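In the two complexes that follow, subunit A is the common piece, with subunit B as its partner first and subunit C second.
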Partner chain A sequence: MVEAGGLFSALVTGIGIGALYALVAIGFSLIYKITGVLNFAQGQFALLGAFLVVVLSTSLPFWFVEVQIPVYAAVVVTILIGALLGVLLERLVFRHFIGEPVLSVIIVTLAFVGIIEGGSRFFISAQYRAYPQELQPGWSLSLPLDTELQAPFVLGVALALLTVAALMAFFRYTVLGSILRASASDQQAAMVLGVSIERTIVIAWALSIAITSIGGILLAMSSGGVGYTIADVTILVFAAVVFGGLDSIPGAFIGGIVVGVLRQFGVYMGEFLMPGLDSVFPMVFLLVVIMLMPYGLFGTERIERL
Partner chain B sequence: MPCGEYFTSYEGRMGLLRWRIQRVAFLLALPIPLLAPFVLSGSLVSTVTLIFIFVVAVLGLHVMLSYAGEIVLAQGAFMAIGAYTTARMVNELGAGMIPSMLVAGLLTGLIAAIFGLPAWRVKGFYIAISTLALQFIAVQFFFTREEFAPIHGGTQQSMPQEIGLVGDFLAIESALQQYFFALGVMAVFVILTMNLSRTGIGRMFRALHENDLSAEVLGINRFRNKLLAYAIGGFMVGVAGSLYAMYIGFIDPGFYGIDITLLHYVMLLLGGMGRVWGVILGVGSVELLQHYLLDFLTDTFPDATALEPFVFGIILIFVLILEPKGLMAALGQVKEYLRKWPYAY
Partner chain C sequence: MSATADEEPPVVELDNVEIVYDRTFLAVQGVSMEAEEGDIVALLGPNGAGKSTILKMISGIGRSERGEVTRGSVYFEGEDVTNADTKEMVGRNVTHILEGRRVFEDLTVEENLRCGLYRDGRRIRYDNSDYEIAFEYFPQLEDLLDVEAGYTSGGEQQMLVISRALIHRPDLLLLDEPSLGLAPQLVVDIYETLRKINREEDITMIIADQNAKRTLEIADYGYVLENGQIELQDPADVLMNREEIKEFYLGTSAEESRYSDIRHYKIRKRWK
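After this line comes the complex of A and B, so read on.
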């Protein structure tokens, strides 16, 4: 039977999971906002971040190279590598596509899906890998009605809130932030005013992949280790981002939370009705939202004229 | 190649084979696909059959994406609908391949039009994501749950070894017969698609693609024509799904995930959007590349199946960096160079 405690705990866990989705979704909408690229490989970048921690902190080798550094240092290094990877990707790959059809760039992100998944299967590991003990915290936050929020989710909620607040402040109060906003709203006008579009795009990619790796690490922590199911987060991220409006960062955050809660409700209802509802609930919701609000909650509505 | 265009009639200008050199090339090339299976090795014939099937599927995508400009991410779901319909028609009714293929196509077209309903209000990337959501519901939920078996007839089904073309007559059993059947179906759809772009419907699709607002001002019904594009494209993808079921001989929801959608996008965009030849070129080069790449990698490294998407992705990015508009545009540049060779005038 439906009871308040179970429902409340589903809500709380949903918010926790949703915060993790929100982190990846923020990375996604950051890229979309500034470069107009739909990154289909966002889940794979999260996967890569999650794997790097294991590679750096345990004896699991990357092909033949074996590194072993303290766990917390590994987390920091992973996030830095994520940012560096963003810079490299922009320099080596995406720079060539400025001014080319957007669909070509989307195909490049599809190529990254194959590159990252195939690469990590071959060079790192094709199996699930447990996280080191330090990254499997046992504590949890007690809430009323006998519910508890696991540590990764607590961290996720805190980090997601922090990231959104930091990004909002960055966009609003810093010069660099307003440069990014300017090039997002009109690339040509920004270029005329002396903004280097290349540099803004580099910054967007670096930030996006760093945030996505944080999301990936937390997703892996919440399931005790890293497996290839983390990459499936891409579709949920799409749902989250569309709900919030593709180019809105607070929208991505709220969308992530809503998708997480819906998924948890799906799991909860699945016990009574039919298992498998957890993957369908967010999708049905997404469709309803699209029909009612074609630009999401906070997305910019494009006004067309002839 | 003439340096100017000397068409004296509209028919001449709009013809599929316009110049004498094209007619000669067509006649010379015609025997190649007919004789190829007797020369090529068995595994290569199988790959080429798959190319024919995927050409039909990507042509459906081509109608929706390059003609009508709708980013539809439900290729897997459409193929699944075609495949499951075919399996039921063949296994339970004994209808034979051609009738079940047509029914599969019609049903897929109908459901594709339902998938297109969000086009009433949204467009662009939002339509992409709404079709992705429908794909997800269809394949990850509807086709994977046994509870819906009365509708789809079981999540995993196998196709009979021998399938008659109509009823039990003219059975298709060998790989060679599958090859020629797929070749025939592909030829029909290639000609259909080429002709579609020359009809009023095709021009309406293109007008909607270029600017749907101004198309509406010119009196084109936006919603109805978009749904028509979904239905026509869905029909083709459904037929391809039906052929794919025959080709593999077994259907499982796992075959129709998002991967196949993405593969078809890679094929279409690598070939170059907007031209039927681009579709054929794209599908052919991707499939052959994967075929030889897998051969090469498994020869060099023993457990290298995971390396195939890795290397393929890197090659894809290199090709797109060199020519972001696809292989067709690259060929166009070669042609332009040769046309002016040795003296550019």
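After this line comes the complex of A and C, so read on.
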């Protein structure tokens, strides 16, 4: 039955896993905040990051080249590749949609869902891949009431907080951060100050994919390896950002935590009530939020009508 | 180009320019005009005459709206910049103040001003001394720095967009309807300030406005556009005294009392 220790433990783990959702959600919010695009492939980018680490660090035959670099280097390289992918996508894809309705780019992200998943099945691996030992740290943080927070969650909470603080400072205190917010609010008025829209798109996607990769890697670490279920995080991220306000970075963080906790409570209650509550809770929450506060906690009133 | 070696070319010169939007809509036809260094040039005419379109093709922002110079040429300081994009023109120190007081509403006044510092993202450090040029001409902004721009008054917003442009340090400033929707006294103040800025900072200006009287008062030269073509052009003081201008734009014709009925008829006919 319900007891304090179990509830507290669910809360702690929920916050931990919520921080990982938060990282992916921050990536989502960044793109929306700067370019107005809802990225339906957010989970796929997390998946890609999680997979790349295994590919780079184990001698998995990778198509025709065989690479193997130290694990920690692989993590760094993965994040860099994520950023590079953002630059590449702008060059190859998004540039051609400047001036088109934002809906066309949203449809493009739907295409990414299939392309990334299919691509990684073909080029990387079609199965679950266990993470190397170095990325399965055994330590954990001891908390009161006999609860523990596993290493990936500890890292997740720390990195998510750090990312939120860094991004908030960037948007609040730098010229570039201000101009990015400015061009989100009035693109033409920003252009006559010398802003290039291509550049804002590059910044949005490069930062987003890099941060999302970190989230993906930590999600994989928390379950010991990477499988295609990681991509399902998209739907939880939607719940998180709708709650926080689509274009708010701190909102995405808080939303991620709330969704994580709800999910963990679902898992905990599912043990003696009925299974499946862990997927129900966050979605019921999403529905209630959309009905009661369509702009979320901190969102500006430019929400996309879905 | 007629400029000889010892003669400075005009800051901007349009040579028989035709502007087409969306490949179908002919907005401006056969327009030739120029702005000499240090001058204020007035671009007058009713709504839809092509004033904004001309400014937009000079600053390049018209390119992003599917506008194109299909005939003729645009020169900036003697160099051909026909159909150049905004990035290039900003690089040549051209700043465009768009119609409608386009402040960044959810940014504070200070953050709006900060955006004027943006140059290819190179500027990282800044402080309030960077805004001195703005505070010099619009001291009231200094008290509003932390206010969200969307909550300031129309006049303050107009001052803000002009200040933001000044911080951008332009050589050529394009202003689109700076008097629109402002109280008459405020218009007088803002225009006087613009004149002062023009003299003291040596910034060439092209002002497109429907308020012919105020604009010609501070301008050196004026053009009157109608249906995408230049109808009249003269030094501002000459233009201000021409009968057509008095009659249609200033409403101070000498024959006003005698022919008032006819005047009303003509105005309706030309403006609607």
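Here is the rule we go by: the second predicted complex is superposed on the first by the 301 of 306 C-alpha atoms of A that agree within 3 Å, B and C clash if a C-alpha of one lies under 4 Å from a C-alpha of the other, contacts with A are read in each partner's own complex, and residues count from 1 in each chain.
Going forward, a residue touches a chain if its C-beta (ideal position, glycine included) is under 8 Å from a C-beta of that chain, and two chains touch if they have at least 3 such contacts.
In this text the structure is predicted, and so the values were computed from the model without any measurement.
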*Fit or clash for subunit B plus subunit C once both are placed on subunit A?*
fit
_Per the contact definition in the header, classify A:186: touching subunit B only (first), subunit C only (second), both, or neither._
second
_By the touch definition at the top of the document, which applies to A:271: first (subunit B), second (subunit C), both, or neither?_
neither
*Please tell me which partner, subunit B or subunit C, touches more residues of subunit A.*
B
_Touching partner for A:176 - first (subunit B), second (subunit C), both, neither_ = second
*asked:* Quick one: is A:194 in contact with subunit B, with subunit C, with both, or with neither? Answer first, second, both or neither.
replied: second
*In the superposed arrangement, does A:134 touch subunit B (first), subunit C (second), both or neither?*
neither
*asked:* Rounded to the nearest 10 degrees, how wide is the angle at the Cα centre of subunit A between the Cα centres of subunit B and subunit C?
replied: 80
*Which value, in Å, gives the least CA distance between subunit B and subunit C in the superposed three-chain arrangement?*
13
*asked:* From the superposed pair, tell me which subunit A residues show up as contacts to subunit B and also as contacts to subunit C.
replied: none
_Per the contact definition, I'd like the list of subunit A residues that touch subunit B in the complex._
38, 40, 93, 96-97, 100-101, 103-104, 106-108, 110-115, 117-119, 121-122, 126, 235, 238-239, 242, 246, 274, 276, 279-280, 283-284, 286-287, 290-291, 294-295, 304-306
_Of all residues in subunit A, those that touch subunit C in their complex_ = 99, 174-176, 178-179, 181-182, 185-186, 188-196, 199, 300
*Report the residues of subunit B in contact with subunit A in the complex, numbered from low to high.*
71, 118, 120-122, 125-126, 128-130, 132-134, 136-137, 140-141, 144-145, 147, 211, 213-214, 217, 258, 262, 265-266, 269-270, 273, 304, 306-314, 316-317, 320-321, 324-326
*subunit A-touching residues of subunit C, taken from the complex the two chains share*: 59, 61, 64, 66, 86-87, 90-91, 95-98, 102-107, 111-112, 114-121, 123-124, 126, 161, 164, 168
